[in-house]
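For clarity, chains are labelled A, B, C, D and E in written order, and residue numbers in each chain start from 1.
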Amino acid sequence: MNSGIGLIVWIIAYPFVSFFLGVLLGGYGRKLTARVQRRVGPTWIQPLFDVIKLMTKQTNISHGYMHDVAMMMLVGGTLMTMYFVPVPGFHYFSQFGDYIVVMYLLLVPPLGMALGVGQTANPNGSIGISRALQMLAGYEITLVMTFIGFAMKHGTTSMYELMKLQQAGGPATWGIFAEPLLGIAALFALQGMLNEKPFEVIIAPHEIATGPMTEMGGKYLGMMFIQHLIALPMELTIFMNLFLGGAQSWVEYVVKLFVLFTLVLVVNAVYGRFKTDGALRFFWKLPLPLAALGVVMIMANGM
Amino acid sequence: MVSPMLFIIAPLSAAFIMILFNSRVIALGLSLLVPIGLAWLGLSWLPYTLGAAQPILVASIPAPLGIPLSIDALGAGMAILVAVSAALVVLYSSSYMKKGHHEVRYYTVVMILLTSAFGLVLTRDIFNLFVFFEILCISSYILVSWEQDGAALEASFKYMVLGSIGSTFLLVSIALVYRVAGSLAMADVATALATAPRGYVAFAAVTFLFGVGVEAAIFPVNTWLPDAHSSAPSSISAILSGFVIELALVVAFRVLNTAFAAVDTLPLVRVVAIAGVIVGEMAAFGQKDLKRMLAYSSISQIGIMLFAFSLGTQAGAQAGLQHLLMHAGAKSALFLIAGYFIVRTGSRLIADYAGLGHRMPVSAALFGFAALSLVGAPPLLGFFTKFQVLSAAGAAGGFTAWLGVAVILFGTVLETVYLFRVLRVLFAPAASGSPARADMDWPALAAVALFTALVVFGALLLPTLSQMIGPMADGLASLL
Amino acid sequence: MSDKELTQRSAWETVLASLKKRSLWMLHYCTGCGAVELPPTMTSRFDMERFGIMPMVTPRQADILLITGYLSVKTLKRVILIYEQMQAPKYVVGFGSCTINGGMYWNSYATMKSLDRYLPVELYLAGCMPRPEAIISGFNSLIDRIDRGEANSWKDYYENYEFYRKNQEHTFGDIETHRSIADDAQYYGFVEVTK
Amino acid sequence: MYTQALLLLPLVGFGVAFLLQGTVKRSPAIVKTWAMLGFAAIAAVAALAGAEIGTLYEGPTVFGSVLTYGLTDLSWWFVLLIAGITALTTVFTLGSLRYADDYPMYYAWLFAKVFGMIGLVMSRDLLSFFIMWEIMSWATYLVMQQGRDESRKAAQGYLVYAISAGMILLGGVVFLRTASGSFEFAVITKFVAGADLGVIITAIVLVLVPFLIEAAVYPTHGWLPSAYASSETTMTAYLSSISTRMGLFGLILFVFNVFGLDVIDRIGISAHLNLRTLLLVLAALTAVLPTYTALFQHDAKRLLTWHSIGQGGYMLLGLATASTLGTAGGLMHIFNYMTYVALIIFSIAAVEYRTGTTNLNKLGGLITRQPVAFLGMLFGIIGLAGIPPMNGFVSKWFIYRSLILGGYPFVALAAFIATVGTIMSVYKLIHNTFLGQLPERYNEVREVGWVMQLPIWVLMAVVFATGVFPGTILQWIARIQVELGIAPIAYTLGGVAQEAGDLNMMVITLVFTLTFIVGAVIFFMGGKRRIVSQYDNYAAGHFLNKDVPYNFNYNFYSAFDHIFEKLYHAAPVQSTERNLGRLVATVGEYIRRFFTGQINTYAAYYVAAVIIALAFLKEVL
Amino acid sequence: MISTAQILYITSFALIVIGLYAVLSQRNLIRVVIGLNIADVGINLLLVTIGYVEGGRVPIFAAGQSAGTMVDPVPQALVLTAIVIGFGVTALMLTLVMRIYAHHGTVDASRLRGLKW
């Protein structure tokens, strides 16, 4: 399915599939959180309703052209990144860019958002962006450390290759089992990457009025929701590909997605929020040294 | 052929003539014409001396009773340097010295100083050397105290005390030498000392080194120098720093290297030279008084030349002589410009020169070029001479040689810092509007410009110079 | 808004309305004591979220402006600013009797007695306080109205802006919200474009 | 012939510009025209000079050896960079250099600097290399010290470093000459290959340390920030983009060509702990620490100068791996950084031209007033942060890939940490300048004229085009790699074809374009939108107006400030530098006490000198 | 038995040392000048001693006299010159001391430290 008509079909269908998965995951997340809090919670496709409502708002305010372009960059960048992350049956684009590319592509949507938020001229938004960028120094560095270790171990930086290697070796070679230190560190990083508690200081609704989203209303917020919903399965997939051996079939894929997301959500539901410097210190004290230790062990084994 | 005796007679008689007529015009004219004529004379002899295996003897009475005067390549070269420098400084003085300020006497003393300088170059007799040395000293004392203010008197007195101790030691040395040699001609001395007890010779050599070394500002007997060079009128500072100390250095080293060749003093000289470099630069580093800073810089530059000489190789001697030429040009220019800075601002402190570069743009620019050459920025002359010193040291090898290289390199960094600190002050934004231009007067400017041109375009002379410098360097190592 | 216009909704609009009613975000302006009733409404006993209703933080994101209690001159100014910053369609819900007729502050010199003179109120929740059941019931009727396409009071603000503006100015003189509602109305086509 | 012209043109340009300084106050147009013509001619000749690669030319004879110069692939590449960026800078200054009387010598010094740099890269023997190195250092000093008093002070700081570097290099030159007996590179190469380890180490330390200083590699970077930041803004762009890279040029030349990698790798404990490891560590420190220092800056220029240091670290990282991919990344990063940093600083200069300040706490919201400058800076910071599709990404990708696969995980991590820091600080830069609230005083600000826009547009095009088609640059890099004795990179137009995975920027860009269009479609599917006033903004019900500053500029990264405040203010390198300066001054102060001014003491010195000298000679006897 | 020449040598060096000691220990400028003069005298004595021949005669050539028994005349010529120079320098020094006193109001070397470092 990585050539010819099949490829074109995939290219066109994949965003929809991904969005649908995102809606399900998002709805599942809200439902699960509600159940943890002993509420009924919304329906599983509640995110879809939200998006539709937002996109059909009749008035929308913008603070300038950068604000508009930012939204396009946000969604466009996320879609682009999505293509470079291999999923079962579709890995055409991973030959043109490895994990390093993905790592940088992942920065395009935040950059777009940051620029747009900047132009809204709202300090809450700017504070949110400032926090988001500072948080990068926490979770992103940890994630990259784990990736570097992993790539070094297998001698490739291609996410698809890493995935294939793990699939060939069976569950015992899955990153999380073969290199548990890296896996644990990456789990922490995933929590940060998904902006879930306790690393949710970027949004902090009660403190900085949802930060970057402060001035976003109507379709602008809608675009951000769409981006979030596409990014959710994608970010989980990245983790999955690196540490859970990816997936060979869609059933396996969806199951792994939901299991992984459940883990994240449970933590999210029961924890409070770190301050920015607290979060950074946490990352630098626990997950990053863990990852570094893991890398040292890999190097020691290799020698 | 005109007798080289003229080098001594001409300035001396000029001195008497001008004091006789007591006219500014005659004094100025004579003191310009005599050095220019002598420079021309020296230049016309230069080809002969370069080719001559034997120096041209002039004394009619043969040694040991006679007074041997002779001119060789080194002597001719030094004589030209002295004459040209003197002519330029006199040109500068014509506008720098206040009119009617005992001007004629000033030129008279300068002429006497010139007489002794030429005498030092030409003489081949240790006692004559002492006599010329004393004349040089006395005229220097007088010139240093010219301004007659507190600082000048104090400096002159210190200079004089140290100079007298120096002549005491020199005389001791002469006495010791005469006791074994029975002659005062350097050639006889060299042969006689070769068989003398070495401790005895060493004592004579050391007393000689530090005796003449006072005038050559060899560390640590150079303590008078910062006072004297900074308190003297700037034209005199230029003379003193420009050729007097160099001349004394060459003479001291030549005699030490030839007459006292029986004992190897080179290691001692090298250590003294290296110490001079570092002490001079370090002391100059924190100076707030411009002329004093330049004076300390002279100490270190003398150290560099002495270091080059002390390598004991032909390359070292050549490098040292070229560096000497560069230093004569650069330091004279710097002192002369500093003189006008003082005239324009009435202060010696660097801090008071803020924005002066806007009032005196040409002077400040020339200052910059001279400073650049002094610190050895390519492609100015200073770079090539310094590079030669360093590569001669490298070629000579050994711990002290490489130590000297390191010290000179470090000293250069310090020198750059303090000299360009001055430039930074000079070109600081003008305090109020654009001030009126008040550059140096044209005779002074011309003199300074010629000095600066020497160090800026000197590199172009290098091919010519390198042909002459060989025989000159030989002069450092051989007698007569 | 005439009945004719209401019935003229296209099928697309009908479907859209039935989807949009499932997502309502609420900005609660809590100046009064009514705010105390909202936490139970949101949390596990009554759980507002099952209707898709969530609290939101900024007016840009919200659909419902919930005024929970009395309004003084000072706070009313803010409420108007916030209302104008919200994106249409937007619904003002008056909460408790204070917003209807001043309630227990009827005699106060400092409170506004009738919210609908200043803002187009979509729905009042009567009571002092309305209990969570009442709130849920009120929101349900709002959802029904949206579904039927009847919740159009926000358009009134655009169409009859002069009326609201006059009352606002009467109460506290000129206010500057950096936004011209009349221009907006023309720009978005809520009223005929005046030549 | 072109080679000679390359040396002659800047020299003539310098002479004429020097003489023209008197005309600056009356009509700056004369000097500007002359400079433009001169630099355009240099650029044209530089382009033509490619035909003469490999030919050696002889200059004057000094110290018995002939100074030789000529072009190689490496030096031609650098000549092109120098000529190109100089021409662009000059175009920009045609518009921006208003206060000509503060900078009467601007173009003269610039010509001198170009002469020094071109001469440096074309030198084919040790002596001319050193002479040109010194000329370049002095020209850099002269270029820096123009204008304000603080630039003069900062230039003084540079001078200390540059002269120290020059003197160490001079020591190296003398050492190599003494040891090998020649200035010729070929002889030195042969000599070093057969020399003792001690000799090699001495030579390498003496020769490479100056390059590290000039390249502002940690911890010798102390001179750079203030020196660059206090220069005239266009000069900041020029210096940041090319000047610092001359140190790297020297490093490349000597490590790969003159000494050779084999010799370099002989120094070390094991295959993994050698000189290159040390260089990698230094490079990693250079990449990380200055980048995070940049976060604390309040001045746009100063912020970028810290990145000049940090990005230099990336280049060194790539080069020090000595692998095909790494060196390609390092070499390409030199070009990339030059383009986008010039772009960013030109944008800043455009802002400064209109607002008169580069203080990040005072600017804001200028996007609506200076959209072209904004776009320029946007392209530039995307490049600087290394985000696709700009060119900065490609070189960073190379460097990462080579570090990860070369087995340097922690160095790779350091590189990534630096990238995070870069993203943070560039966002602060663009946010505080162009985004946020527009202060009322800048309401009348206009876009700059087309002359100043031209270089911005050109550089934007270059940054984007070489990002999408990196093959255009990589073909040069491959030639240089062949010359340096490294396996050339297997480039394609869109990137690189590699066993370990390709990179194809064309595909990435195409995907991004398409997805961006999808994003746009989604955006336009939504309801109508209207642009509102910046005062119509959420402030929890507060009424905003021009009297209420509602902006987040100051202390942008408060958490980092919180965590690293102490370290930042401790500033170990700067305080070490300061303490060293103080140490020299203090020692000098004590040595000066030698000259007590007391006659008796002096007389005592005299006697002591004679006695000590006698003792010294006794030992000899 | 110590010869006359030895006594003279010892005396002359003692004088030099005493003079130098005076220079480096005395604060009074006049005493410094005197110290230098003492050293000068010592030197002159040294020079003359070098030319001294035990039982020698005046170095004047007369009929029938060989040069062998004469004292060496050269040092004596030297001493004359040295005395003249010493006289000149001493005069100049004393003049300067006078001027210094007029300017600074002191002849104390330790208070004459306007120029240092």
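Simple rule for what comes next: contacts are C-beta pairs under 8 Å (C-beta built on N, C-alpha and C of every residue); 3 or more make two chains touch, one makes a residue touch a chain.
Source: prediction; values computed, not measured.
**Q** Mind listing the chains that sit against chain A and also against chain B?
**A** Of all the chains present, those in contact with both chain A and chain B are D.
**Q** Could you tell me the least number of steps, going only between chains that touch, from chain B to chain C?
**A** Tracing touching chains, the least step count from chain B to chain C comes to 2.
**Q** Which chain's mean C-alpha position is the greatest distance from chain A's?
**A** Most remote chain from chain A, centroid-wise, comes out as E.
**Q** Sort out for me whether C-D or A-D is joined by the greater number of C-beta contact pairs.
**A** A-D
**Q** Measuring from CA centroids, which chain ends up nearest the centre of the complete protein set?
**A** It is chain D that sits nearest the middle.
**Q** Based on mean C-alpha positions, I'd like to know which chain lies farthest from chain D.
**A** Farthest chain from chain D, going by C-alpha centroids: E.
**Q** If you average the CA atoms of chain C and of chain D, how many Å lie between those two points?
**A** Between these chains, centre-to-centre, one finds 59 Å.
**Q** How far is the middle of chain B from the middle of chain D, if each middle is the mean of its Cα atoms, in Å?
**A** Result: the chain centres lie 44 Å from each other.
**Q** Quick one: report the Å distance separating chain A from chain C, using the average Cα coordinate of each chain.
**A** Roughly 36 Å separates the two chain centres.
**Q** Could you state the distance in Å from the CA-based centre of chain D to that of chain E?
**A** Roughly 68 Å separates the two chain centres.
**Q** Please list all residues of chain A that touch 2 or more other chains.
**A** 54, 56-61, 209, 214-215, 218
**Q** If a residue has to touch 2 or more other chains to count, which residues of chain D qualify?
**A** 528, 530, 532, 536, 538, 592, 595, 597, 599, 601, 603
**Q** Hunt down the residues of chain B that sit against at least two other chains at once, touch-wise.
**A** Residue numbers touching two or more other chains: 157-158, 161, 165, 226-227, 283.
**Q** Using the touch rule from the top of the page, what pairs of chains touch, sorted by label?
**A** Touching chain pairs, listed by label, come out as A-C, A-D, B-D, B-E, C-D, D-E.
**Q** Going by the contact rule set out above, which residues of chain B touch chain D in the complex?
**A** Checking each residue of chain B against chain D gives 157-158, 161-162, 165-166, 169, 198-199, 202-203, 205-207, 209-210, 214, 220-221, 223-224, 226-227, 263-265, 267-268, 271-272, 278-279, 282-283, 285-286, 372, 375, 377-379, 383-384, 387-388, 390-391, 393-395, 397, 405-406, 409-410, 412-414, 416-417, 420-421, 424, 427-429, 462-463.
**Q** In their complex, what parts of chain D are in touch with chain B?
**A** 61-63, 130-131, 134-135, 138, 141, 145, 148-149, 152-153, 155-156, 159-160, 163-164, 167-168, 170-171, 174-175, 177-178, 584-585, 587-589, 591-592, 594-595, 597, 599, 601-603, 605-606, 608-610, 613-614, 616-618, 620-621
**Q** Which part of chain E faces chain B closely enough to touch in the complex?
**A** Residues in contact with chain B: 16, 19-20, 23, 29, 32, 36, 39-40, 43, 46-47, 50, 72, 74-75, 78, 81-82, 85, 88-89, 92-93, 96-97, 99-100, 103-104, 112, 114-115, 117.
**Q** Give the list of chain C residues in touch with chain A in this complex.
**A** The touching residues are 16, 19-20, 22-24, 43-44, 47, 49-52, 56-61, 63, 85-89, 184, 188.
**Q** Using the touch definition up top, name the residues of chain A that touch chain D in the complex.
**A** 15, 54-64, 66, 68, 71-77, 79-80, 83-84, 93, 95-98, 100-101, 103-105, 107-108, 111, 114-115, 118-124, 126-127, 129-131, 133-134, 136-137, 140-141, 144-145, 148-149, 151-152, 155-158, 161, 209, 214-215, 218-220, 222-223, 226, 275-277, 280-281, 292, 295, 298-299, 302
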